[in-house]
Structures are given as structure tokens and as C-alpha cells.
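Look at the two complexes coming up: chain A is in both, with chain B in one and chain C in the other.
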Partner chain A sequence: MAEYLQGRENQIVTKGIDSHELVGGKPSVAGSVSQRACVFCGSRVVLYPIADALHLVHGPIGCASYTWDIRGALSSGPELHRSSFSTDLREKNIVFGGQDKLYQALHELIDKHHPKAAFVYSTCIVGVIGDDVQSVCRRVQKEKNIPVIAVMAEGFQGSKKDGYKIACDALFSLVGTDESLEVSPLSINILGDFNLAGELWMLEEYYKKMGIQILAPITGDGRVKKIQNAHRAALNVVQCSGSMIHLAKQMKEKYGIPFIKVSYFGIEDMSDALYEVAKFFKDDSVMDRARDLVKNQLTTLIPALEPYKRALQGKKAAIYVGGAFKAISLVKALRLIGMKTVIAGTQTGNTEDYRLLKTICDDGCIMVDDSNPVELSEFVKQTGADLFIGGVKERPIAYKLGIGFCDHNHERKLALAGYDGMLNFAKEVYETVTSPVWQFVSQNKE
Partner chain B sequence: MPSGDAFASSCNACKQCTPLGACIAFKGIEGVLPMLHGSQGCATYIRRYLISHYREPVDIASSNFSEETTIFGGNRNFNTGIDNIISQYHPKVITIASTCLSETIGEDVQRLIYEYQETHNTMPDLPVMIFASTPSYQGTHSEGFHEAVFAAVKTLAEASGPVGDHINIFSSMISPEDIRHLKEIVEDFSIPAMLFPDYSDTLDNTSWDSYRRIPDGGTPVEQLKNSAMAYASVELGYVLNSGGMNGRIKDNGTKQSAGEYLKGKFDVPLVRTGLPIGILESDKFFNSLASISGKEIPMKYQRQRGRLVDLYIDGHKYVSDKRAVIYGEEDLVVALASFAAEIGIKPVLCATGGESGKLAETLREVLGKNYYEDMVVGQGMSFERMEDAMRDLKPDLMIGNSKGYYIARKMDIPIVRTGFPIHDRIGAQHNRVLGYEGTMILFEQVVNTLLEDKQRKSPIGYKYM
Partner chain C sequence: MLLRHTTAKEIDRKALTINPAKTCQPIGAMYAALGLHGCLPHSHGSQGCCSYHRSALTRHFKEPVMASTSSFSEGSSVFGGSSNLVSAIETIFSVYEPDVIAVHTTCLSETIGDDLTQIISKANEDGKVPAGKKVIYCNTPSYVGTHVTGYANQVSAFVKFFSTATPKKRNVVNLVAGWMEPSDMREIKRIANEMEARTIMFPDMSGVLDTPLTGHYDMYPKGGTTQADMIATGDSKFSIGIGPYTTEDACIKLENKCKVKFETVEIPIGLKATDRFIMSLSRHANLPVPDSLTEERGRLIDLIADNNKNFYDKRVALYGDPDTLIPLVEFLLTLDMKPVYIVTGTPGKHFDDAMTAMLKEKVPEAKFKSGERADMFQLHQWIKQEGVDMLIGNSYGKYIARDENIPFVRLGFPVMDRPGNNFFPCVGYTGATNLLIKILDAFLDHKDRTCPEEKVELVM
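On to the complex of A and B.
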């Protein structure tokens, strides 16, 4: 391609052509139009689905305004998480400090909404003016008798990924603080599913059929009390490992809970997620039930996928998503419906993730870390992709280039996990790739 | 009405932050690539928010502050950022808006620009650089928008000749389609005009043959330079960025609009009308153009006005005495309230996240004899406060951006979406309200929304309404 930003050469690799390793985890170059967000965003998205907690953003209005009802994370009960609370700092607070306002805001909101816990997100400016957020939180925790947790997520501290870790620390401070829930010996915690479009409920259904209890979903359809009891589960099942692995490691260290990494996207990975859990419990009846479940699901799913596969055979896909594990699942899921991945990129993958991704991709696939519109549009042109899978920020790139688009980000309203999700995915890809509107795009004219 | 200040917290804000507005306005300059001086998240969030509204690529670079930058200053990030923007985008213009972070650590962006220009003065095609100061703890996205308009004019306008035959039109946060309509109107008057900011193409482009790093369109730099030699400026809005001083420790009255600046510095006469929504406010705009140009209002618009009056009569019984909640940026609220009042809808609540302190008096002045005495006016309002107020007001209808949808849903009343943002419908970029023609579209939308609601709630299902 014409020109990479200086210093990004080792963040782009074409499999089968380049010999260097794809390096992840680097900070974004200044002046780039990165598709990444900040530390605050990382913490906010991970904790967002906890539905009975107060999420208070301490800072000027923007950070709260842009994250209002941002995820498609559903709740089976309270919906406090869908409101956007902010201390809405003004200049006088910046000069004289925002601590008092934060203290009052917490009192005001806890009295009004009676949350089971409060998360206070500290934004860029709070880090600079030096509000002692932690001491305010400690004080209110004592006065109100609920956990009040400071999430020190100043945006400039690093990238979105650093925010995940901070969110995990916040969650970990809740774990082990309650013992009141009933726990089955066959219990797991689900880490890293956010119940987008009710996906967690589908998983719950599968595991229930196997005789497994989900003790704490973290954080999809999340509840404070369940998270407080999470230390009593037998196993942590981690999806979206980029965001949640830190919590799994901490829980292993302190409570001796083992963890496995899974993905729920695509038939293979979804089935593995069930089998791995069954294997862990070393209980034949659980394994038998898992096999039955998979068999039943596949009997209807495989024939249902057939027409989509026929229509999509040989089409090419570009993937640019948050984490590498999702990218790996997507490559496999696309293969299942006859499509080839020609671009596989992520915002926050690390070098190790990329090694694994590389083993799964075909030769000629362009792999990229922390990309930007200029690069992505070049790659799409080079590879002739027919479909782009990404988030809202990538959508106009796809559309301007005249190719289909599938939203696989946390704003989506369509369940893509599990067996039903695989069918939804195939359907969505089919609907966009084969739409007749592309005939009017001039670059497609013969 | 208690303002935002009466509470320590805000729930579901009816505003966005200042740099967002600046990014929209800056997208109205030809050949521009905007940069935000601050953390990465600001640019990413704002891009996502704008893309969801305009459904168009919105490239905004960031100087990507790290912890080190925050402590030692953004000098290096600034320079690398500009270097990288130039090498990737080759823009004619780079705009820089500050954020709460860079403002608070005391970044002197003007100096950074000056130094960059000094050390790169031999570079061919060195982009023009424009800086707007937009800390998010001062004002709202609306003030950010007008601050950027002001910054562009202040940086570029220069008196290099005699007064020309052109005028300046400074608009507010209107849709790309409305910008096109304003341009059509001045063209039909045969008045050479600079309309700024003109993001009618940059944020609403065609499908492309190939990807363009910088979309075509926008107000050319040359026109902005010549704005100092215009024979008049027309500003569409009464409040503009005057709320930018609110929340400051000391209001030193230094906030100026672009029109005020040109008047003060270059003696360009300033005509100020509101956003031309409804007949009364549109009349003001058309009459201003007529008196500035010394020409009659073109027959095309006289006919449009006539058809609009005829349409008002056709529809008046469907809207008469209905109670509406109107919300959004202050100038939009004033214009929509004026429209509502002139067709017999009672604007029972006029709410904004803005805090200029001027909304109440402006409403009274503009609505004049149509003013609804029981109107509740709320500044610095969040959606939660609006919802609280609406419980007693029993409105029939909401008019404003899509973020109010959840209240309409809860109260089972219809909502007419207009303004910014519209995130749950397509076509926000084509949402029209300006002029007689835009008002016609808006009026039909209001009436039909009420009829749809009536049909939906009726057990009978009338086929004639």
C-alpha cells in the first residue's frame, strides 16, 4: 500500500508473504485516526451491563453522554445501567475541585435509586485536578452501606485494554464479599459475555440442559450479589479473554478457581465451550447431555445454513473487531458458510493472540493491529473483500467502498452467539452481501 | 424551573461536549482534517456519535495523550500528530480543537501551531491551521460549534481589498440538506454568498468510485479569507455561542460570534435572524435577504409561502391546542417553539441542555403575541428533569432529537425527530426544517405523526382522517 504511518510497519503482516511477527499492544501513534477508544471506555463497557449498580461518571458531560445506553446489553430485571449519570463538571469545579460535587451526587443518586453498589468512573480531568475519588468512595460506602468502588480510568493512562484491567480490579474487589446464594457443585461463572441481544440467556439455556448452574454472569445481565458470590463457583468460563482474563487469573490465585477460555461464536467454538465444561466436571451424564444438545442443535442448524452457504460460496470477508479471540471465531464461522477471510484485524489483540490467529488464517490474509480508515480502505481495495465485519465506526468505510457490512460490536441488537446466533449471522451476512443495491455502486460496474 | 446547577448530578444529559460541536463545524471547511488535542477516547467517541447520525465516514485524528504527555506537555504529540496527518491525508487545512485534558494542563495550542509553522516554513503546501478552544466544562456542543465558526473566521478573515458584493451566512447546527436549501435560496436571490460551515457534502456525500481520505466539498479557505470584505453577514441564531461563558468563574464577556467579530474588526454589517423555521421566522430571513440585496423575494418562494399557508389551513384542526415538548440546542428550540405557536400548538415545555441564560427572554421576544403564558422554560436540563416536568404537563407530542424517544415510549406519546442527534432512524442528514419548504415538510410530519398516533390508538381504524 501507498504509505503506512511511520512506526506501524510491524503491526501489519500479510500471511505467506511477510516473515515478521505481528506485534500487538502498542500505543496508538499520535495523529492517527485510530479506531480504538480510551481507558475509560474499556472500563465502562466491561462494567456497563451490571444492571442493579449505579454507574456514575465523574467528569465533564461528554464521557457520560457518549456512553449512554451504548451497549445492547439486556437485563432480566432492573435497568439502572441504561441511564447515564454524570457529575457534569464545570469550570469552577475544575478550579476548586470536584470532590464535594461527587460526594453530593453519590448521596443524591443512591437515595433516589437504591443501587446495590456504585461504580465511580474517574475521567481524564479528574486525574489532573487531583480529586481524591477513592476517599470520597470510602466515605460514602460507610455512610450508605453499599460497596462504592472507584474505577480509576483516566483516559490518558493507556488504551482501552488497560481499562479492561481496571474494570477487572473493580469486579475483583466485589468478589468474595457475600456467601448467601445457593451454589450447586456443578456451577460456573460466565466471564466476558455481555448479554447482547440476550445471548447470555441462550447460553444459560444450554448449560441448564447439561445440568450446570451459572452462578455469576460477569457482566452480562449482571447483579452485584451474584458477583459477590462468584468465588464459590467451581469453574470460570472466560470468553472475550482480552477483557476478562485478568479477573480469571486473580480469582484463580486467591480462590483457586480454575478457568478455561472459550468462544461462543460459530458451531465449532460454541460446541467446544459446552464440551470443555462437561470435561472439567468429569461427569459422564453431563457429557452425554452436552452431546445430545449439540446433536439436536446441529440437526436443524446445518440444513438451515445450506442455502446461505450456497449463495455465499467463495465470497471474501474483512474482519476488524475489538479482540483477537472474536476474530479467530469469525474466521472459522465464515469458513463454515463458504467465505474466505482476507483481512483480519483487531484493536487490542496482543502478539501471542496474533500468533494463534495466524495459524487459522489462509495465505494472503492481511493481518493488522490498531488500524485506521486509511489503511482499512486500502486493504479492502487490494483484497476485493465483499463484506466487512466490524463496529459502527467501520460501517461507513464498508458502505463507501460499496461492500456489505455486519455489525459485530457491542451495540448490535442481533444475537450472534450460540447456534441460533450462527444462523442469525449467516442470514445477516447473506442479506447484506447479496443485496441488489450494490449494482448501483459505480465501482462495481463491469 | 430548577436548572442543572440545583443538582450535583445529571442523569441522561440533553447535551454533548464542546469539542463535538467544533468537529461538526470544522468538517464544513474544504480540504480539512480535524484533530483533537487530548486523549484517544475523545476522538473515537465523537466519531462514533457523528457517524451514527450522519452515516458517513468522519475521520478525526487525535494527538493521543499518554500519561507522560499529560505530565510533560503535548508538544511532541502535537508535532508528530500534525506530521502524520500531513503524510496520510495531505489536507489543505488542519483544525485543532482542545479538550478538557489539554486545556487543564495549560497547553498553549496557538504557540504549538506557530512553532510548527516556523520550523516547517519551507514545506510546500503547509496546511492552514485553525485552533478553537473547546474545553468540555464550558458550554455544550452548541457553543463548541459556534466557537469553531468564530475561530475559523478569526484565523482566516483578512481585509485585502475593497468591500465586495458577497455576503456571509453563518448557520447553526443544521442538516446537510438544509444547508443545500439555504444555498439554493441565496442563489435564487442571485446573491454571491459564503455559507459557513458548509458540511453539506463532507457529511452527506454520494456513493464513491473509490475511497476518499478527505471528502470533497466544504467552504473554501479563500471564501473565509474574503469574509472580511463582505458587505453584510447574516447569522442564523440568537443565542449562538454566548453561553460559552457560563459556568466560568468570571464572565468577562469576551465570547464573540463570527458575525460580531467581523463587525467589530472589519465593519461588516451584521443582520441576525433566527433559524428560519415556520412562516414568521422564515419571513424574517427572506425579508433580510431582500433588503440586503435590494431584490424582491423570488416568485418561487412567494409560491412556496402561499402553499405553506394553504397547508397550515388544511391541517390546523389536527394540531390545534395540542401540547408539545420541544427540546434541543437553544436556537433550535426557539425556532421550533415559534413554529409550534404559530400553528396553534402550545409549547408547554421548552428545554435545553444549554445554559446561556437567554432562552426565556429570547422565547418571549421571538414568539411575541403568540407566546404561551404557561410555558415552562428549562435551561441546563437533562432528560431526567424533562421527564419529571412532563408528568404534570401532560404533553401530546415531543419534538426534538432521538434521545428523547425513551420518554415518549414511556409516556406513550408520539415523537417527531429533528435536530441532533438522530440515532434511531436513517436520513438524519436529510432532515429538513428550514425555509417555507422545510417547514412544509416539518408540518406534514407533525400532523401525520399525530394522525398515526390517533389511528394506532383507535379501536375503529378509520380510512379517512
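On to the complex of A and C.
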């Protein structure tokens, strides 16, 4: 590439060629067409799947509009989380403060919906205009007798990742405030699955077959009461560790609950997730059931994957996703269907994550932190990738370049986790990479 | 039921907005800025704003949407975003190489009081803006107006920074495009071409947000109003503002700056609004209406006549932006339908007056509301009180349409769950035909699916 954004040299590494380390966690360069979002966005996407809580966005209308039902996090019961609630701050509120409006809005909402808890998200200007959101929340909590939690997520305080941490703090304030649920000795909390396309329900099936109780899913198909009881589980199983590790650490410190890090994407990682849990409980029958389950699944899955693998053998993939752990799983899952990863990038990975990612990637793979469309399209051209895996903003770029695309973010429509998910993934990749449409563009390609 | 919480009884709300029928200013400015060729919109605020706007526009247009951000940090909120903007300008020109950077503000940069005029003129003085390049800006505080206001402010900024009057007037009519689809802009240009009128359209998103797939990625696609044309708007003899909410301010500024007279018309959705637009263009370009357009009009009327029994007395609920809703309500009345509930989150007297004038006699029972708390929840409560036969608006109507089992026509911004907005215009006689067929299809498909078996009919 002709010119990197100044100061981004350390955020791009080609494995096997560059000797320097890929540095993550740096703020974006001002002026970049960054694919990253903000602190508010991070908090909102993590907490949003809690379906019986209120999610009130305190600020001008935009922040509520853009996060209205965007994530496809499914609920088996209430659908309250899918509506958009805002204090819609106007100019007069900016001048005189928005506290009263917030107080009133909370009352109007709680009276109407009788939620189990309320999350109040403060957006960029709330701090600047001096609203004391925390005191309003405390007051309403007392008056309405439900937890009212201030999520201090002003957008400018950092990136999405900082928002995850704030969301974890909000969740942690709920944990340990109820003891009414029945808890099996073989119980776990699932941290960091958001039940996109019903993925959590698949995991529930697997763990149930092993005799394990999922006490609190956090936050996919989440419920306030379950989160309040989460401190009574024997183990925290953490996926998407970028978003949830902070909560797991807090729970370990305060309640002594150990945690393990897992991923549910791809056969290896999914199976490890089951085995690790079985190992933890040191119960042979649990391990036997896990082995049976994996064996059963693989007996049908492996032959089913075979035709896709044959068709995709040697094809090249570009990955640009939110976090590094997803990227690692994807590299492995792609390898399983014969594909080689030639670009591996993330929005929010840190230096340590990237060290691990590097060990898994092949030589020649371009690794990139906080990239932008110009870089990404240049890398695609350089590497001749056949597939792009990313989110909403990357999709049309991939298509313009005349290559396949798979959404591994909010807009996935098929479950990609677990064994069924692996097959879905293979099908989706196959469908897009081998689509007849690309033959009509290839003559134009350089 | 997705919206099981909505009840027919209206709850008393003073502070709370539920399911808004609007969003904030900056996204409108970003959209409009993409209508200038070689322009990169720049969001002066936190990076989330830029990311959300790009995602929302991408979901709607299914096209890459480029914009840069000042990436505010904790420090910027305390010390101001001046240094972020200056370094952003340097970065953008050295890496992304646009011809123009169109800066818009956000609630944060407005509240902390960044002075764009001062920051950008300093950047110019300090040589941060390469020769031949330009940085323009507009103020788009999110807590004033809505996305519609932001669009209007960006269009006005184009006039402010480019339009120039030379002593020589040209026989050209400016077509100041309000918030429409690229396909609508294309259609309006086609109509002008049919009339052989010399026009300059600005902004113009056709060829920017509906580009062909070529195997190349162009950060700055071929389309968009060129800078030369934008400068020349000052020499045109007249401007037609298409959509008063989004273009009137720009027209006034152009008149004040370059003495270009103007009139505003509604976006030409439907028969009458198209008539008025074409008559306006005919008058001000001093050209007759060609037979080809008269024939298009005749075909539309033929289609309406063929189907009028399917339209008569149908109750319709609508929501969206005033520039779209006003001509749409008029078109529904032309079809003998009954627009009974109309909401827009965008405040403004023009909407209220237009609704009163159109509906007072023909649909006295109609309810409409604009501005604060004119939201989808309000609309849904009205529908619960007395049902409708059809819902027209953006994708956010799908919950209501499903819960209430009513035919649903997608129109407006954003439409995230269906393609096609880039292809089928809804303006002009052709657009009215498209829209009419969409409405009919929605009705008849619904009827075919839900009527008793013995009533399923093969012939219309």
C-alpha cells in the first residue's frame, strides 16, 4: 500500500515478513475512516439483549434511533428490549439540563412497562451539560423499588471496548442481589453469547445433554433475575472475552467463581468448550456425555462438510471483525473447510490477543488493527481474497470488489455457533464464494 | 406480538419518546455531502456518531458509505476538538485525497463550543489545506431539528461555499434536490432531459449511492454534483427547491448571495405534485411540456382508473419525513384513499398547515402530529383505537404491520429490510406508477392470503 495512515505502521503486520509486533488498543487517528464505534455503542450492544429490562437512552434522539433493534438478539419471552426509548434531549434541555426530563421519562416508562430493572445510558453530552444521572437513578430506584442502573457510557471516553467494561460494571451491580432461583451443583453462567440467530439455545441444548444447568445467560436471552442469581453458579464460561472478561474477573474476585475462556465457533473450539466444562466438574458421567455428544455431532457433521471443503479448497479469506478471539476461531474454522486466511484484522483486539492470533495465522497473512476501507480494499487486491468476513460496513465494499461476503456480526441470519452453526457457516461461505454472479465481474477485475 | 406493550389507551407522556419517527441532524448532513462529487463527509465528534451514520446509510443503500471522524477523546471534551479537527484535515488530504471535506458537527462538539469557522480558517492559513482542495462545514447540533434539518444545513453549506455569481447569467435552472433516493434524482433528471431543460441538480446522489459492481472499489464514485456545476449555480436564472423542508433555506441563501430567484415545490410524488413540478420547470426553463411526458401522465391516469375500486375509502396510516408525507398524502387523496393517521418526528408548521388544508374536509377524522413525541408509539396507539387498511413508511413499521396484520408498503428512510429503493423511483409519473403498483400489490397479496377460500379469485 502506498501510504499508511501516519502512526499506523505498528498496526499492520505481515506474518513471516515483518518482525515488529502488531499493536492493538490504540485510539483511532483523527481523520480516519475508522470502522470502529464508541463507548456507548459497546455498552448498548452488550446490555441490550436483557429482554425484561428497560433500556432508556438519555441524550438527543440519534443514539436511540441507531441502536433500535439492531442486533438480532433473540428472546424466548419478553420483547421489551426491541423498542427504542429516549429522552430525546432538545436545545432547552442542553441549556437548562436534562435531569428532570430523565426523571420523568423513567417514571412514565416504569409505570407503563413494570420492567424488572432499568438501564439508563448516558450519551456524549450528558456529562458535559452536567446532568447527575447517577443521583436520578438512585432516586427512582428507591421510589420504584427496582434496580435502576446508570450506564455512564459517554461516547468520547474511548472505543467500543471501553463500553464493554462499563456494561460489565452495570451487570456486576445486579449480580448477587437475589437468591431465589434453584441452582444445580452442575451450573454455569454463559458470558458473552448474545443469542444472535438463536445461538444460545443451541448451546443450552448441548449443555443440557451433558447434565449442566445454565443458570444465567449473559446477556443473550437475558433476564434480570437470572443475572441477579448469577453469583451462585459453579463456573463462568466466557466467550467473546473482549466484552465479558471484566465481569468474569469481578465475579471471581468477589464470589470466588472461576472462569474459563471458550469459543463456540468451529468444531475444535466448540468441542473444547464442552470438554473444558466437563473437566471442571470432575465428573466422569458428565465427560462421558460430552464425548458422546461430540461423537454424535461429528458423525453427521464431518461427512456433511466434505463437499463444501472440496469446493472451497485453496480459496482465500479476509477477516475483519470486532474482537480477536472471534478472528482466531474463524481462522481455524476456515481451515477446516479448506480455506486459507490471508487477512486477519479486528477493531478492538489488544497486543496480547494479536500475539495469539499470529501463532495461528499462516505466513503471508496480513494482520491489521483498526483498519479502514481504503486499506482493506487494497489488502484484498494484494492478496486476491475470495471471501470477506465482516460486518455491515464491510459488506458492500466486498461486493464492489467482486468477492463473496459472510456477515459474522449483528446481521447474521443463521446461527454460526456450535456444530449446526459450523455447517451453516460452510454453506454460507460456499454459497457466496461460488455464486454465479462473480463470473460477470471477473472480466473487469485487474 | 412484538409490540405487546402498546395499548389503545393513550398514555400520558411528557418526557419520553418511544420508537422515534426521526433521527438526528448529522446523518442528514452526511447523506447530502455524498451528493457532491469527490467529497468526503467528516463527522466532528466521537467516532460512534460517524460509525452509526455510516452503518445506517449502508443498511439502507446497500452501498459503501465513506466518512471520516475527528475521533474525540476525553481530552477533546475538556480542551475542545480543535486539534483533532486540524490533524484530521491533514490526515484526510494525505491519505484519502478527496477534493472537498464537508465537516458537520455533533451534539458533543456543539455543546463544548468548537468554533468551526475559526478552526477551519486557521487550518487554511496554516497551509493544512492543499491547493485546489477545500474544507467546508455546517453546524448540525443533534438536539435541534432532526435528520431533515441536517440535510438542509448541508445543502445550504454547498451554496455558502461554492455558488458564485459572475456578471453572466446562464439559461439554467437549478434543481435543489431534497431528501430523495438516488433513483428519484435520476428520474427527475430524466424528466428535465425529456423537456430538454438545462439544469444543475444539487446535491445529486445518483451515481454515488447506486453504483454498478465493477470489481473495483472507488472511494469517490463517478456521480455527484461537480464543483464546477456547484459554483455555476450562482449564475443560473432560477432555482426550484424540491422539498421545502430540505431545500428552502439553501434557495433563500442562493437568492441572497447570487440573486437567483426561486420557488419551492413538494417532492413530485403522485400526480398533482408531479404536475406542479413539471409546470414549474416548464415555466422557468421556458420550455413546453413534451408529448412524451403527457403520455406518461395519461398512462398513470389510466392505471388509476383501472383500479379505483381497490383504492376507494381505504384507511392509511403514514409516518416519515414531511417532504415525503405531504405529497404522499395528496397522492393518496387523488387515489380516493383516506390518510387517517400521519406522524413525523420533524417539527414544522408547514406540515401541520398542509395536513389541515388537505384533510379538513376530505378526511375530517384524520389525526396528525409533528415534532416531539410524534413517534411510532403514538401512531400505533391510534391504530389500536381504530384500525387501518394499510401502513406506509420506513422499515420500523414492520412491527406494527405484523402485530396488526395490515398490508405494509415500505417508503422513506431507512428501509433496511428490503432492496429496491435504488432502482424504482417514486417521483414523477413513472414513480407514481411504481408506487401505485406497490400499494396495489400489498393490498391484493394480503387479500389473497387472508380471504376465505371460496373467495379467492383468479381474475381481478
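Note that the second predicted complex is superposed on the first by the 441 of 446 C-alpha atoms of A that agree within 3 Å, B and C clash if a C-alpha of one lies under 4 Å from a C-alpha of the other, contacts with A are read in each partner's own complex, and residues count from 1 in each chain.
Heads up, the rule we're going with is that contacts are C-beta pairs under 8 Å (C-beta built on N, C-alpha and C of every residue); 3 or more make two chains touch, one makes a residue touch a chain.
All values derive from a computational prediction rather than experimental measurement.
Under the clash rule set out above, the superposition-derived model of chain A with chain B and chain C contains a clash between the two partners.
Judged by the touch definition given at the top, the superposed model places A:Leu80 against chain C, while chain B stays out of reach.
In the superposition on chain A, A:Ala37 makes contact with both chain B and chain C. In the superposition on chain A, A:Gln382 makes contact with neither chain B nor chain C.
Touch criterion met: A:Pro60 reaches chain B and chain C at once. When both complexes are overlaid on chain A, the residue A:Gln313 reaches neither chain B nor chain C.
Overlaid on A, the two complexes show chain B and chain C touching the same residues of chain A, namely 3, 5-6, 27-41, 59-68, 83-91, 93-94, 101-102, 104-105, 108-109, 124-125, 127-129, 155-159, 373-374, 377, 392-393, 395-397, 399-402, 441-442. Against chain C, in their complex, chain A makes its touches with residues 3, 5-6, 27-41, 59-68, 79-80, 82-91, 93-94, 100-105, 108-109, 112-113, 123-125, 127-129, 154-160, 373-374, 377, 392-393, 395-397, 399-402, 441-442, 444-446. Touching chain B in their complex are the following residues of chain A: 3, 5-6, 27-41, 56, 59-69, 83-95, 101-102, 104-105, 107-109, 124-125, 127-129, 155-159, 372-374, 377-378, 380-381, 391-393, 395-397, 399-402, 440-443. On chain C, the positions that touch chain A within their shared complex are 1-5, 11-20, 22-27, 40, 42, 45-56, 58-59, 62-74, 76-77, 84-85, 87-92, 94-96, 106-108, 111-112, 141-144, 146, 211, 213-219, 345, 372-373, 377, 396, 399. By the touch criterion stated above, chain B contacts chain A in their complex at residues 4, 7-13, 15-20, 35, 38-49, 51-52, 55-67, 69-70, 76-78, 80-85, 87-89, 99-101, 104-105, 135-138, 140, 205, 207-213, 247-249, 353, 384, 403, 406.
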